[in-house]
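Here you go, one structure.
To keep things simple, chains are lettered A, B, C and D as they appear, and every chain counts its residues starting from 1.
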Amino acid sequence: MKELTLFGMLKLVVQRDMTLAMRRRADVLTTLIFFVMVVSLFPLGVGPEMEMLRKIAPGVLWVAALLASMLSLGRLFSADHQDGTLEQLMLTPQPLAVVVLGKIIAHWMVSGLPLVLIAPVLGIQFDMRMETLGILILGLLLGTPVLSMIGGIGAALTLGLRGGGVLLSLLVLPLCIPILIFGTAAVDAVASGLSPVSHLSLLGALLVLALTFAPWVAAQALRISME
Amino acid sequence: MAINWFKYSAPSTFYALAGKLIPWFAISAAMMFAVGLYIGFFVAPVDYQQGEFYRIIFIHVPASILSMFLYLVMAGYAALGLIFNTRLSAMMATAIAPTGALFAFISLWTGALWGKPMWGAWWVWDARLTSELILLFLYLGYMALHSSIDDPRRADRASALLAIVGSVNVPIIYFSVKWWNTLHQGSTIKFSGTTMHVAMQQAMFIMLAACWLYAIAVVLARVRSVILERERQTKWVAELPEVRG
Amino acid sequence: MNGLDIWMRENPLTYVWLGSYAFALLIFAVEIVLVRHKRNLTLEQIRLLREAGEED
Amino acid sequence: MLEVSNLACSRGDQRLFSGLSFVLHPGQIMQVQGENGSGKTTLLRTLCGFVSADEGYVAWNGAQVASLGDAFHAQILYLGHLNAIKDDLSALENLKISAAFSGITLQDATVKSALRRLGLKGRELLPCKVLSQGQRRRVALARLLVSDARLWILDEPLAALDVRAVALIQELIAEHLSSGGMAIFTTHQPLQIDSMTVRTLALS
């Protein structure tokens, strides 16, 4: 009964964080509303010409998703840090990277996945065509987890610092640029009649890369920040 | 001949060594600048396509090269400090960052000045300029993180980790920006002739060397202050002639 | 073509000199001043610390 | 057996303690004393592995903790200044989750009886945010009842507790020691353990 597998641990952390997130549904909604608002501001800023909106739609949705994920990242570790549960999580008999991965997965499920799900509605606002919309969603589905992973490293590094939120964005946003580029390029490729496969597979490669290294790096960062 | 590297990795020894080396680096940097500028402006011929404007490369290219190399050197020192827990390498990493950021800035500035006569715009989203801008962001992030952590040990270790993550990302960023650039058929800074005139090459190399020497001198001078600050409680600092004053 | 453009084409060397080289050298000068200033500041602080320590 | 040898720790550039050595055998308990800022909490956090020591080492049953890694975590229970309970979860959920993290699956009945023993009967299913400070501390302390860790590391376990709860904690520690456990703690209040000598370690 003392046996706790790696996967068991991962499941446990994800379950715990999901339960906590469900108890605080307002936080989840705030991120989502922020995303919708930022995206809706663009037509007001650049004018309602459909041709123009269709052209900028992928970029707008991606940048808004990037900003929205920055917004929610601050909470990734800080809530657990403030009430002392983070120390207990560090004392589990499984590697810390597994705990971190679990937290990042849960974070993505409550802050990344809703964005992906609502993106089609916003895409229609921008008069995007069905096939481009599909690729946009696919790109977001592959890319937003990577944003959460890279963001997890930033969140661990800035844990407990004054002005942590702004600092976090400053550190993480430059590192997210490749995701933005490949995500929007995939949609552009479809729009101009080309195959998006290469862009999407690059996004997939980045996801695999992030999955392999990011939890470990974030765990190291947490250890440094907890000292 | 075996050199005792560990001896020089002690902050007190390094402080004295750096103090002796700085004037040499500074003087040779000044001389190289003078020679490089002379060759660049008076010996190197006018480029038949770009006219006199091409002479910006003698500062633009060395600054770009240095800003990138300094980031790698910084990440290298940061990694050394993180893995072997050597205090001096962490101090070196923090001392390199501002100089690297300034070189990135000079590279951007001169790139913009070059762009205006060439393409009629101060800023073009050229792959190299864009990467350079992102590199500047990475430097700024590193410095912002380091300065917002009060505990020097945590500051060193956290920003070291960031520098390493950043240096892993730099090739990915560069590649993605290049890809993005070709997709959008943007303009690229290309040198008109396939072969550079010998004098142009000489000027470029001498200016590059001058920038290196300057960077080393400034970084050493800065690291001396960092060493003093970190070691202020120790006996050897108290016994320094400049402290006794 | 505005005024700056015309001036730039007429005086390319001045443009290159003032815009790039003088600017870069200015930045170097500022950096050197800052580094020296920091050194003086650090030395001053250490002296103050020592004096405070000796009075105890 | 916990062995600390020639341990030195610092915060910033201030050395907190150095040359600290002691051995804690099964059934033994030790109190860490010292003024505020003398490094009591840092010592306990070093034992947990949160803080890396400047010099010296911590060993568990003859093996250095640094080489044991995560396996050592199963042997210890750490209770810090903070209660490490989630305000949005109930006492029952909090306890079940924290036990699960150390690899123990608990039945609701076991958890309820543990909470009842700490005087939280009828409050098991309330979210912890409605509980008082002392009651939250008791939820945190209920972990002592359901844990099978050999070494308890307790930072100010008696803070915010009333007399009755203090007596209970003393009873719990005595039970733990008599079954071959070890404990190291800090406190501002005197702690009496029946038939046990409490060793003290003074940090200056």
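Note that in this section contacts are C-beta pairs under 8 Å (C-beta built on N, C-alpha and C of every residue); 3 or more make two chains touch, one makes a residue touch a chain.
As the structure is a prediction and not an experimental result, all values here were calculated from the model.
Visitor: In contact with chain C and with chain D at once: which chains are those? Just list them.
Guide: In this structure, the chains that contact chain D and also chain C are B.
Visitor: So which chain ends up closest to the centre of the protein, judged by Cα positions averaged per chain?
Guide: If we average C-alpha coordinates per chain, A lands closest to the whole-structure average.
Visitor: Could you state the distance in Å from the CA-based centre of chain B to that of chain C?
Guide: 16
Visitor: Return the distance between the CA-based centres of chain A and chain B, expressed in whole Å.
Guide: 32
Visitor: As a quick test, compute the distance in whole Å between the mean CA positions of chain A and chain C.
Guide: 40
Visitor: Roughly how many whole angstrom separate the Cα centroids of chain B and chain D?
Guide: 49
Visitor: Hey, what residues on chain B touch two or more of the other chains?
Guide: 151, 153, 232
Visitor: By the document's touch rule, what are all the touching chain pairs in this structure?
Guide: Pairs flagged as touching, ordered by label: A-B, A-D, B-C, B-D.
Visitor: For chain B, which residues are in contact with chain C within the complex?
Guide: 37, 41, 51-53, 55-56, 59-60, 63, 98-99, 102, 105-106, 109-110, 113-114, 116-117, 120, 214, 218, 221-222, 224-225, 228-229, 232, 237-238, 242-243, 245
Visitor: Under the stated contact criterion, what part of chain B meets chain A in this complex?
Guide: Interface residues on the chain B side: 134, 137-138, 140-141, 144-145, 148-149, 151, 153-154, 157-158, 161-162, 165-166, 168-169, 172-173, 175-177, 179-180, 183.
Visitor: Which stretch or stretches of chain C touch chain B in the complex?
Guide: 5, 8-9, 12-13, 15-16, 19-21, 23-24, 27-28, 31-32, 35-36, 38-39, 42-43, 45-47, 49-50
Visitor: Quick one: in the complex, what on chain B touches chain D?
Guide: Interface residues on chain B, with respect to chain D: 151-153, 230, 232-233.
Visitor: Quick one: which bits of chain A touch chain D in the complex? Just the residue numbers, please.
Guide: 1-4, 9, 12, 16, 19-20, 23-24, 82-85, 87-96, 223, 226-227
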